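Two complexes, one shared chain (chain A), two partners (chain B, chain C).
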Partner chain A sequence: MNFDFLQIVMVLGTLLCVLGVILCIRTAGTRFDQIEAGDKDVNLGVAHVPALAFAKLMAFASLIVLPAGAVFLANYHTFEGVHEVRGCAGCHVMLPMANDMKDPKSGTLAARHYKNRWIAENQCYHCHSDYGLSGNLEAKMTGFRHLARYTTRTYHEPIHARVRFDNQNCLNCHAGTPRFEAVQSHKTAHEKLVSNLMICLNCHGQAHPTSVQRTPGSDDYARLTEKLK
Partner chain B sequence: MRLLRWEAFCAIMGFALTQVFILVPGPYPMALFTFIAQPLFALAAVGYLVKVITDLQRHRSL
Partner chain C sequence: MSTENSRDDKDAQTPSDFSRREVLLTLGGLGAAVGGGAATWGGLELMVNSRQTIDSWNKAVCRFCGTGCGVMVGMKDGRVADVRGDELAHNKGVICIKGSMLPELTRIKGRLTSPKIRKAGKLMDASWDEAMGLVAAKFSESIQQFGPDSVAFYGSGQLFTEESYTANKLFKAGIRTNNVDGNPRLCMASATTGYVSTFGKDEPPGCYADADHAQCFFLMGSNAYECHQPIFERIRQRKRLNPDTVIVCVDPRRTKTAEHSDIHLPVIPGTDLLLLNSMAFVIFSEGLQDQRFIDKHVLFSNGEHIVDQAALVQFLQSYAPESVEHELGVSAADIRRVAYLFAKSPATMSLWTMGVNQRTQGTFLNNMLNGLHLITGQIGRPGATPFSLTGQPNACGGVRDTGALSHALPNGRLVANPQHRLEMEKIWNVPEGTISDKPGFDAVNLFRAMEDGRVKAALIMCTNPGASLPAAARYNAAMGKCFTVVSDVVEDSETQRHAQVVLPAALWIEKEGVTGQGERRYQFTPKLLDPPGQARSDLQILADLAVRLGHDKLITARTPQAVWDEWREVSSHSLYNFKGITYERLAKERGLQWPCPTEDHPGTARRYVEGVDPFVTKGTGMEFYGNYNYDKKALVYLRPYVPSPEKTSAEYPLYLTTGRVLEQFHTGTLTDRIAELHQATGNAMFDLNPQDARMLGVNPGDYIEVKSKYGSVIGKARTTEVSRLGVIFAAFYDAKLLINRAVADNYDPTSKQPEYKVTAVSVKRMTA
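Now for the complex of A and B:
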């Protein structure tokens, strides 16, 4: 039986949250000053714990330990989930990119990578590993800003990337391969490519649908924003 | 320390929102977890720690 990380996180997270709620309800109903020294000890099987100490342990578990566990699991869920295409396509504004990528008739760079299976899985993440919640701290902060803007609907379509795409995302896979090295212009422009003075798209075409196509009301908008299959 | 009622209530709300995000991942549950559940957990932890420290100081343990 195969379990992926998502199922494990779901099961563990549910256990933690349910246990946390139960212990919190118990903690909320406890009057610590009314637990007497003479109250019956709590039998834990391996030891007898005084009632007051047990109540304090429960409070510590419900307010510190279990929330820390739940936060850890949910953050893990966040940062792993954003690696998947469906994680990106969860936001309506990203649907044009995901739908276009999966369209066999499309000639964009993303679609060519997808239909030729140059990237087997997590295609968005592979080319944008330095972006958003999957990137470094600064990129994660940008990701949180995007999340806040998306959920508060303080954005306008078509969206535009503020950050410049780092060629290193392409070079991570392509640099050094015989096909890449065989192209003279790659050698000529090597310094410019490495320093991002020239972008790969200058020669290799559009990566995703144009902003005109992604504008509400355009001929392609309805098709590009269909729910991801 | 007498009661930890509002701290427990904050944590319950945090657990509920976290549970929603874990079971139904999406931008809105993610935002609820990120911007509401986590601060609620932090608030509960701070409230708890303040009461514990106050309690220890009263009993001259600190």
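Now for the complex of A and C:
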């Protein structure tokens, strides 16, 4: 459903761009000063618009409305598109996380959540829900920094997260469940968990392949960085 | 027409002018965009740096249990801001709730910050010089008047290796007494005697990574889910990835471990040697043994001399499942099923701890567990190993390996062996005959010797025997009769109530040193904080005492690294050889497993295995080189079941057993001071089976008196199906309950380890 909607957004955005280009060319070729008051009105079917007004409308649409719409749709597509696993796996450095997650032999938290269908879709985003169009400013800034690093190839593998993972991503699903509540220390260390002073992973294990596995030249590197099927 | 003209002029000029401006504008715009982007990026990089909540991550080791988890300690402005499991350490990033609370450990209230001397019944602040001067005077006086055996050292599996080694050397080669023992006697002495009598050498042959390969886990007397949580998590991970894996748990209680096992055998306390012998019976009677392995690598012994396999089979005839099931409390069908799984699984890993070790038959149980692996060939392959889990972070490395026990000398040597004494005298460069040929007092007998005045002065370090000894009331009183010096990190421990001098000690990362966890792995803990007040490391205290007692020429290594360098050199004269484990390597690597004779040796994950263990002769495949007197073969013993002296009776109809809980470590001196951990467990209570509770007329929340021959304890009761019918349980972390007052002090005749797990008790509901 999400996927289809995004496709529609993409098609719509492309159409807007094409339309915008056509209108731009048209607008560029229009000599506004040669449009005389007496020129024929343009028949829009429901109304007759004076030729000059129509030309100005076209110019407004081609220079302001359509670019703004295209930018919005492109942003929407980017931000929402990265909810999908393949959106994340589009970057080389994220391939190990995605490949490991889809590896039924892996025991990382990501892989277990994936193969047991605890999360049916958009698995990356589900546990890293601070990015996306409605995500917080910090995630936007981090994302921008990552994009800059990635596109300029100024990163080193293995990559290390420099921001704190928000336990809320875990608690969103687990808090309140009988199994979670049965553990006394979940309750007594609640403050530390919600304020991220103690990470869930300490007791519950690795989320993704280790930094050693993600280091070029390691035994697992080639397997982990295969293109996502 | 001027407008016409001007328009024409414009038209004439526009193409070139407009396009230049346009190009400039476009370039300028682009430049501004790129500049803006770059500036934003730069700003973000700066911001990310400035917003880091951690200044540096430092590799260290958890302070608590024997799993010895690698942790990363995050420091910020000189404080511990975060602790995380080290993903590259053996524990693969997994620690437990206690480890997660390590930042709080560095800030616990009630730290001891000044030496204290008891004056007019009260502990009063004193200077180091005053306190140590008094200690040295009292020790010297006692040694002069009553001989070296009138003083003693009672140490801990929580001291650093450098500290235990130094104490052992000072007392055995300096003061010339073998009265060096400690709390490891209470937790792993039977594992040691078991391994030594079976393989000729102490310490487990396998490693934690075996859990990634085993198909059958046989957990006996181990509540690993709570006590070695990262290891049990690893077992569960194995099961998740290989659902065919079977987990068997042998425990009188339906513990969390039992709950997460496939098969739970709730044996009656004190009877489980029947189970092991019965499994051996099934293995031989059904032909499940690995005869090729036995022929090549195994000898049989009745404890006095070598016998043949037929003698063992004959011995086992009285242990048929059908004849033991009643006394054992487990059905014959279950015994047969588990014996089959154990023998025929592609790889079986046994894990055991205090339920097996803290027993009057502890050594025999260890022998038989090792024996089951030997007769089925379940050893030396990935996943196939008999693994004794240890309770403390440095019982293995610090105490077992350094021989800081009353009967032992470094690297598996024995006090009673003249050759071993001679070797150590040479290595330590002391005159022949320096080391006494008389084994010192083991834990229980050391406190009995304080009781009757044979030991006049004792230095107790990094442990709380006031709460951890069995028959606690008796031995607390005994400490009061002796000149007791207690080096401790917190005020008001139960032990300090009897101390004449109390010395403030550094805790965890307030000092540096090496710990050796359960799989022979040495790991380094760096110093990241200063100790509070005047507190010092135990090594500093020992070095000071050595100098004051006139042994400055013996104890020349007085910094952790100098001691370690001496110690690894000592090890090179043995089959423990870890000369290749230097401080430099330990600082970089995630611990190293000995043997590791050279600096380019990767360490030994699986001992006795050719190609892995440097001491195995090429072409043998496997060699139990510790048993050089027995053709380098391992020994399987004929070990008869003897009922515990604590059999239930009409007077004492229930079994009391004790243990740990997930959130607390040992007697709670550290963990119970951390709010999150204290709140998670609350005060300790008695767990009763609901049926027992009904028969006794006890309702949940009632206070009950639990009484044994050794003492009585009053506490709150709760009912739970965790307890087997006829078994009552209490955790020992809570000094307010102090359950050890009711626990029996019977001990294994070989290992001298007390039988905490079996005490016959009566239960009486207290009237309001």
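The rule is simple: the second predicted complex is superposed on the first by the 221 of 229 C-alpha atoms of A that agree within 3 Å, B and C clash if a C-alpha of one lies under 4 Å from a C-alpha of the other, contacts with A are read in each partner's own complex, and residues count from 1 in each chain.
Criterion: a residue touches a chain if its C-beta (ideal position, glycine included) is under 8 Å from a C-beta of that chain, and two chains touch if they have at least 3 such contacts.
All values derive from a computational prediction rather than experimental measurement.
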Discussion item. One more residue to check, A:89. First (chain B), second (chain C), both or neither?
Written reply: neither
Discussion item. By the touch definition at the top of the document, which applies to A:199: first (chain B), second (chain C), both, or neither?
Written reply: second
Worksheet, complete the sentence: Across chain A, the partner (chain B or chain C) reaching more residues is B
Practice prompt. Name the contact category of A:101: first (chain B only), second (chain C only), both, or neither.
Written response: neither
Practice prompt. With the two complexes superposed on chain A, say which partner A:81 touches: chain B (first), chain C (second), both, or neither.
Written response: first
Item to complete: Please indicate which partner A:32 is in contact with in the superposed arrangement: first for chain B, second for chain C, both, or neither.
Response: first
Discussion item. By the touch definition at the top of the document, which applies to A:144: first (chain B), second (chain C), both, or neither?
Written reply: both
Discussion item. Per the contact definition in the header, classify A:13: touching chain B only (first), chain C only (second), both, or neither.
Written reply: first
Practice prompt. Name the contact category of A:67: first (chain B only), second (chain C only), both, or neither.
Written response: first
Worksheet entry | Common interface residues of chain A - those touching chain B in one complex and chain C in the other | 33, 144, 148
Response to the item:
Note: in the complex, chain A contacts chain B through residues 9-10, 13-14, 16-18, 20-21, 24-25, 27-28, 30-33, 56, 59-60, 62-64, 66-67, 70-71, 73-74, 77-78, 81, 87, 90-91, 144, 147-148, 150-151
Discussion item. Going by the contact rule set out above, which residues of chain B touch chain A in the complex?
Written reply: 1-5, 7-9, 11-12, 14-16, 18-19, 21-23, 25-28, 30-31, 33-35, 37-38, 41, 44-45, 48
Worksheet, complete the sentence: The chain A residues in contact with chain C across the complex are 33, 105, 107, 112, 141-142, 144-145, 148, 162-164, 184-185, 187-189, 192, 197-199, 201-206, 210-212
Worksheet entry | Residue ranges of chain C touching chain A (in the complex, touch as defined) | 7, 37, 40-41, 44-45, 47-48, 52-53, 82-85, 87-88, 92-97, 99-101, 103, 229, 233, 237, 240-241, 662-663, 675-677, 679-681
